[in-house]
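You will see two complexes here that share chain A, one where it goes with chain B and one where it goes with chain C.
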Partner chain A sequence: MISLTIDGQTVVSPEGATLLEACRSIGKDQPTLCYLETLAPVNVCRVCVVEVEGSRTLVPSCSRKVEPGMKVQTESERVRHSRKVVFELLASSVDLSLVDDSVQEWMTNYQVDPGRFGDLAPLVDDRDERHAGHHYENTGTHAETVFQPVKVDNSLYVRDYSRCILCYKCVEACGDDAQNTFAIAVAGRGFDARISTEFDVALPQGACVFCGNCIGVCPTGALMFRSEHELRASDLWHEEEQTVTRTVCSYCGVGCNLELHVQDNRIVKVTSPIDHSVTSGHLCIKGRFGYEYVQQLGDLATTPIDDVLRRAREAGTV
Partner chain B sequence: MDIRLMDDAPSDAERAVIAALIDPVEEVGSHLAIGGHSARRHRHLLLPVLSAVQSEIGWVSKGALNEICRRLVIPPAEAYGVASFYALISTTERPSVVAHVCDDIACRLVRSEFPHGDAVVSSPCLGQCDRRPAVLLQRAGVEDVVNAPGDQDPFELVGVADPTVVGDRLLARVGHADPESIGSYADHGGWQALEKARALGPAAVIEEVERSGLKGRGGAAFPTGVKWRAVAAEPAPRYLVCNADESEPGTFKDRVVMEGDPFAVIESMIIAAVATGCAKGYIYVRGEYPLAASRLRHALHETRLAGQLGPEFDIEIIRGQGAYICGEETALFNSIEGLRGEPRQKPPFPAQVGLFGRPTVINNVETLINVPGIVLEGGEAFAAIGTPDSAGTRLFCLSGDINRPGTYEVAMGGALGELVDLAGGFVGETQAILLGGAAGAFVDTEALSMPLTFEDSRSRGVSLGSGVVMAFNSSRDMHDVVRRIARFFRDESCGQCVPCRVGTVRVEEALARSRSAPLEAGLIDEIDRAMKDASICGLGHTAASVVRSAISLGLIS
Partner chain C sequence: MRGVRNGARLYTVDPRRSESAKWADIWLGIDVGSDIALANGMARVIIERGLQHRDFIANATTSFDDYAAKVGEYPLDRVEEITGIPSDVIEEMAVSYASAGMAQIVWTLGITEHHNATDNVLALINLALLTGHVGRYGSGLVPLRGQNNVQGGGDMGAIPNKLPGFQDVEDDDLRARAERIWNHTIPPKRGWHLTQMFEAMAAGKLRGLYVIGENPAESEADVVHARQALEGLDFMVVQDIFLTRTAQMADVVLPAAADWCESEGTVTSSERRVQRVRKALEPPGEARPDVDIIGMLARGMGADWGQPTPEDAWNELRLVSPMHAGMSYQRLEELGGIQWPCYDENHPGELFIHGRLWKQPLESPPAPFIAVDWVPPVDRLTNDFPYRMTTGRHLDGFNTGVQSAGYDSPIRTGGTIDISPEDADRLAIHDGDLVKVSSRRGTIEVPARRDLALRSGLVFMSVHYGEDADVNQLTIDTWDPKSGTAEFKATAVQLQKV
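Presenting the complex of A and B:
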């Protein structure tokens, strides 16, 4: 066991634990965006940084391991300042309207004011073509954003990269950390870096197997069930009216737990609990998207959302 | 690993280029299922083969990328992510000759506006600031070439002007020995240090380097002996890397050494390998330095023939492909490993976990070429040069409004003003001097009395960085210069971490606004603090330093 202090309080943590785990063990949660228990830490978002005595810069609590005698500050002026500015930089360049309430709370806590960099720049459609090391003359009239058209290229899920904070979670879930499919990676460089398939081909043309595990880990709603996307677009998505039913997938004998999100007696999305010992939150295409057989939307289906769901199912590529 | 490839096939020419570097794997249709280790074994060939296709064909097509992925067992999305990371690799078709016209801080002072297009693109500093303005011609199927100075027609082959090179220790052979002849190198004192190092043995060599007080010349001034001892104590296999990615705007000294005295780089690396027991060495040469790379390649060949390299230690040259960030040591490792050139969070440090996850010595070119002298004369004699905390001589890159731009070697401890005098003094009335590079700081003429040492620069809150001394006289538009530096960092950020990826954009925007409105110094200050504190690597830590120094000197407002 390793002994350290966090905000003056002595904490004893197992060897190999992260500072984040040590903080949580004494009830001091830290904000995180790119961290997830089930994925290898990439420490890129930097909202979890803390101050460690003797360290020139702040350190990411999600990946830094505890060391004997460490003196950690999670609420110092430096920590608060960096977190505030990092949130502001994100919120001024990415659509964060669908992030977790807990993240919203942190932003309120740090008095995040994304407006101070100017008006947000409108949507552009060339982000996938940008060449590393070259960008247009920057006039400063607007705060540059990643706003771009939603990628709708299949009937199961959409990619709304205007919401992408580049947390790498989807890449990890698609790759080494879960699915081992490697259909997406980070492409480009700098502010023009983006999640992409090879040469930006549409998902059905690439390696995607439609397990939806990227959707499961995305913290911002950038990756979203097509059903949710269409319902939102029609103003018919009502999360407060939804129920979540936990059940076991009926396709094979592995025993993956499913959470069926139901609105108006219709399944509108499927997730799996991250702490479930079988799935760690991950599923396959059947468990994630193969629920249609329980709600055949025949001609007689008449709830207000049926039309939208049926259209989404049948649309394929738009 | 189960890999789904694209359907695209390479052209015959593309296939030939790829086949020359990598053997085909067993054909299994468009799906490849190959086990973990054997699948990853060849990943380090990705950058060399992408470079080869780019250089022979002029761009990397879907068919070519697919063929590379098939042979290396790499998912196409990942390979595309790597290819699209580099400025010199194009994933769209383009003209067979592309002119990269430098419009960075030294060149833009003298260059007239030029029309951009498919075949003419703007470039960050090409490391030719002493003979500005510079152009790099990237040519499909032919060796790339540099025009410096090259102003009028960027495509006209004018070659390079004779450089000014002054110095009698590290630069003694440059311009005197034939860089293409191993015999000439020997005639000018080459190989004696290696012979002595082999006789002394590893422990004694490390001791001499420690005693010399040599500190890294790549920017961080870390004691070289400490680094070597740490790596030597780690289990084998260990690697040695010579960081020759020199891309800091205003810096060209490593190029001068590699072009003018390539055997010295190799001899120094062999001595380092003897001392630290490294199994293999890499020289990571900036992609924009075609002549340095070919001189080194030739020198390696001759050195091998002479029996100084072989199974116990050999050296490989890796060409960068246009990414300043790949000079950061851990980004450089990732780049060699065939990953995107994104820096790693430290700790762990390279001495423990470096290239291919192994203990690694990484040193700058200039750091390394100090070693033969230390071995020959002894650490103490070296320590007697310069000051106690800044031993030895240093290479400075003088450019801008200076009478004789060039590379100057001086003992550390002399005043900045003396160095400027050595280069014939300023042209015009100087309003600012850029010290240390784009990651350094501006100083004014009061700093001319400052001794050129690590400690004196540190106590003034500036840094010698990579040895840049670039002068700007009162006719220069400093606002434009500072904006170009902000643009540089925006372009060169790897994009991994938020403070740097977005912070560099916001700084550039604030500077753009200040053309017509008061400068938002407070905002820049706040962004800078977050970048310094919360970024992963040195690029983000220093990206706004120059901007802030320009503000505090009143150069921009």
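Presenting the complex of A and C:
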């Protein structure tokens, strides 16, 4: 066990634990965007940074391991300022309207003011179609954004990169950390960096196997079920009316747990709990999308059971 | 994949270069139906090099000498000839398996859909006994289940020779115990398995059939023959969530609720984990949960069971099946599922089984080696039928396709005959060309797809597209006498470009 202090409080953590885990063990949660328990930390979002005495730079708490005698500040002016600016840069360039409430709370906590960079730049063209390296020089009158049209190139899910904060979670889930398919990666540099398939081909033309594990880890709604996207577009997405029921996938014998999000007696989305031991929240195409058969009701032959019994009695077979 | 990334060695034995094969250290492109020769050849290598686990064999097994004599008949040059795998690769895999601290053999229908399915499995069990790779953490024999509750179906006794919890129905004591709980007499002899039922139908001995959630009119091997047997019945009831091809042939269809989202209950996964399924949707129309339908039928037949809930039925099962006794609904909920056996409410379940074999001295019966011989697939390759066709699933499809056809998959290729590039070139067949595929039982026409995962001489069809590509008109209904499984994996076919 390793002893350290966090905001003056002594904490004892197991060897190998991260500063984030140590913070959480004493009820001091830290904001995170790119961190997820089931993925290897990629240290890109920088909102979980904390100040460690003797360290020249702020350190990412999600991946820095605890060390004996460490003195950690999570609420110092330097930490608060850094987090505030990171959130402001993101909120001024990305559509964060679908991030979950906890992120909104952090932004309020750090008094985030994205408007100070000016109004959002208008959507000019499809960023992904620009020549590599090309970007419009900012006039200084508005905040540059990552806005571009929604990509709807397949039947199962959409990619709305105007909402993408480049947290890499989708890349990690598609690659080393879960699916090992490597259908997407980060393309471009600097502000032009974006998530892309090879040569920006449509998903069905690439390596994608449509497991949807990227949707499962996306924190901003950039990756979304097509059903959810279309219901939202028609103003028919009513999350407050939805029920979420845990069950087991109807296909193979792995036993993946499903959370069925149901609205008006229809499944509108399928997620999987990341804290379940069987697959840690990951599914395949059948588990995540293969539910339609229970709600495509054609002219099913329905035979009232009482009639069946009556007819059988008349026929003398029971 | 986490294991592979952590440095585990992966050998994939598959006639096709599957997705798993692409991640393997070595892919062994075995000829269809030669698995026993491979396993016996590996055993010979292990014994010759003295790599067998002598203490385990002495303490926990019997009939080793018979087994050693049998595998002695499989020198590597013979095995290479039968399997098509180079001897040095077989030798390397054998040594690697036997010397590993932990090793597992994982298999699925490529082993079991053969006329000698049980022998195939025995050959693998023998390897595990030989090396002590069983009953220990990290080692074992892992048959992957292809359906969400095929394990649970067997556990519940929905097989002809077992009571719930794999208790032998022909064991008088076990049967008497169940009879006392149910207050009802149970037939003392095992029933027919599916293949025997079809034979009995064909012979006119089985006249009525009650089918729940199965589609044999599409899934049976030599399906034309199977459909004739179903048509010859006096009376057939089908209880299903779909009006399947089988249901269309029925006298009565009982519309059922989907078990995994329209009713409550449990399913058991490959790893023996019992988990709850829950109702999220109201079933359509007059569809009702299976428990309700069966209860109503019972009432109609004069046995009023009241209105048992799925939990009531489960609690009754816990009385009958000792290995489920500790699994209350509440515990299943709290623990996120429990792996059987779980004998009482303090038992956490078991991560692995057969640990008893490591007790010294052994307190329970030893595990016998059962020596088995290789025999080739029944449907021989000849000049008239020179291609070996095997069947299987696509990533986005499932069985006869009644479920998976319901969603629009961007990666669906549809029903095709997949051909190696070499054979396709020789026959001047291009992607999408219509090909006449004939076996000794029938002929179908399907579009071709060139597939780099196939070797010359091997062709593949998926099982999901009965309407467009009725593959089971071609397959052979010769079956394993012990398991009743047909040899779906090995059909001899001829190809002709239309």
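One rule holds for everything that comes next: the second predicted complex is superposed on the first by the 287 of 318 C-alpha atoms of A that agree within 3 Å, B and C clash if a C-alpha of one lies under 4 Å from a C-alpha of the other, contacts with A are read in each partner's own complex, and residues count from 1 in each chain.
To be clear about the criterion, contacts are C-beta pairs under 8 Å (C-beta built on N, C-alpha and C of every residue); 3 or more make two chains touch, one makes a residue touch a chain.
Just so you know, these numbers come straight off a predicted model, no measurement behind them.
Asks: Which of the two partners, first being chain B and second being chain C, lies in contact with A:S272: first, second, both, or neither?
Replies: The answer is neither, since A:S272 touches no partner chain.
Asks: Under the stated touch criterion, which partner chain does A:L156 make contact with: chain B (first), chain C (second), both, or neither?
Replies: A:L156: touches chain C, not chain B.
Asks: In the overlay, answer first, second, both or neither for which of chain B and chain C A:Q148 touches.
Replies: neither
Asks: Could you say whether A:R116 touches chain B, chain C, both of them, or neither, answering first, second, both or neither?
Replies: In the superposition, A:R116 contacts chain B only.
Asks: Which partner chains sit in contact with A:N180 here, chain B, chain C, both or neither? Use first/second/both/neither.
Replies: both
Asks: One more residue to check, A:T18. First (chain B), second (chain C), both or neither?
Replies: neither
Asks: For A:N213, using the defined touch cut-off, is the partner it touches chain B, chain C, both, or neither? Pick first, second, both or neither.
Replies: So A:N213 meets neither chain B nor chain C here.
Asks: Look at A:T139 in the shared chain and tell me whether it touches chain B only, chain C only, both, or neither; answer first, second, both or neither.
Replies: So A:T139 only meets chain B here.
Asks: Quick one: is A:L58 in contact with chain B, with chain C, with both, or with neither? Answer first, second, both or neither.
Replies: Touch partner of A:L58: chain B, not chain C.
Asks: With the touch criterion stated at the top, can you tell me which chain A residues are shared between the chain B interface and the chain C interface?
Replies: On chain A, the residues that contact chain B in one structure and chain C in the other are 180.
Asks: Any idea which chain B residues touch chain A in the complex?
Replies: Residues in contact with chain A: 1-4, 6, 62, 65, 75-81, 84-87, 90-92, 121-122, 124, 322-323, 340, 345, 487, 490-499, 501-506, 508-513, 523, 526-527, 529-530, 532-536, 541.
Asks: Which chain A residues qualify as touching chain B in the complex?
Replies: Residues in contact with chain B: 43-47, 49, 57-58, 60, 63, 78, 81-86, 89-90, 92-93, 116-118, 129, 131-135, 138-141, 143-144, 165-166, 175, 180-193, 196-199, 201, 205-207.
Asks: For chain A, which residues count as touching chain C in their complex?
Replies: 154-156, 176, 180, 203-204, 208-210, 243, 245-255, 257, 260, 262, 265-267, 276-278, 284-286, 289-297, 300-306, 308-309, 311-313, 317-318
Asks: So in the complex, which bits of chain C are touching chain A?
Replies: The contact residues of chain C facing chain A are 1, 5, 23, 144-151, 235, 241-243, 247, 252-255, 258-262, 267-271, 273, 275-282, 284-288, 293, 296-297, 300-301, 336-337, 395-396, 398, 402-411.
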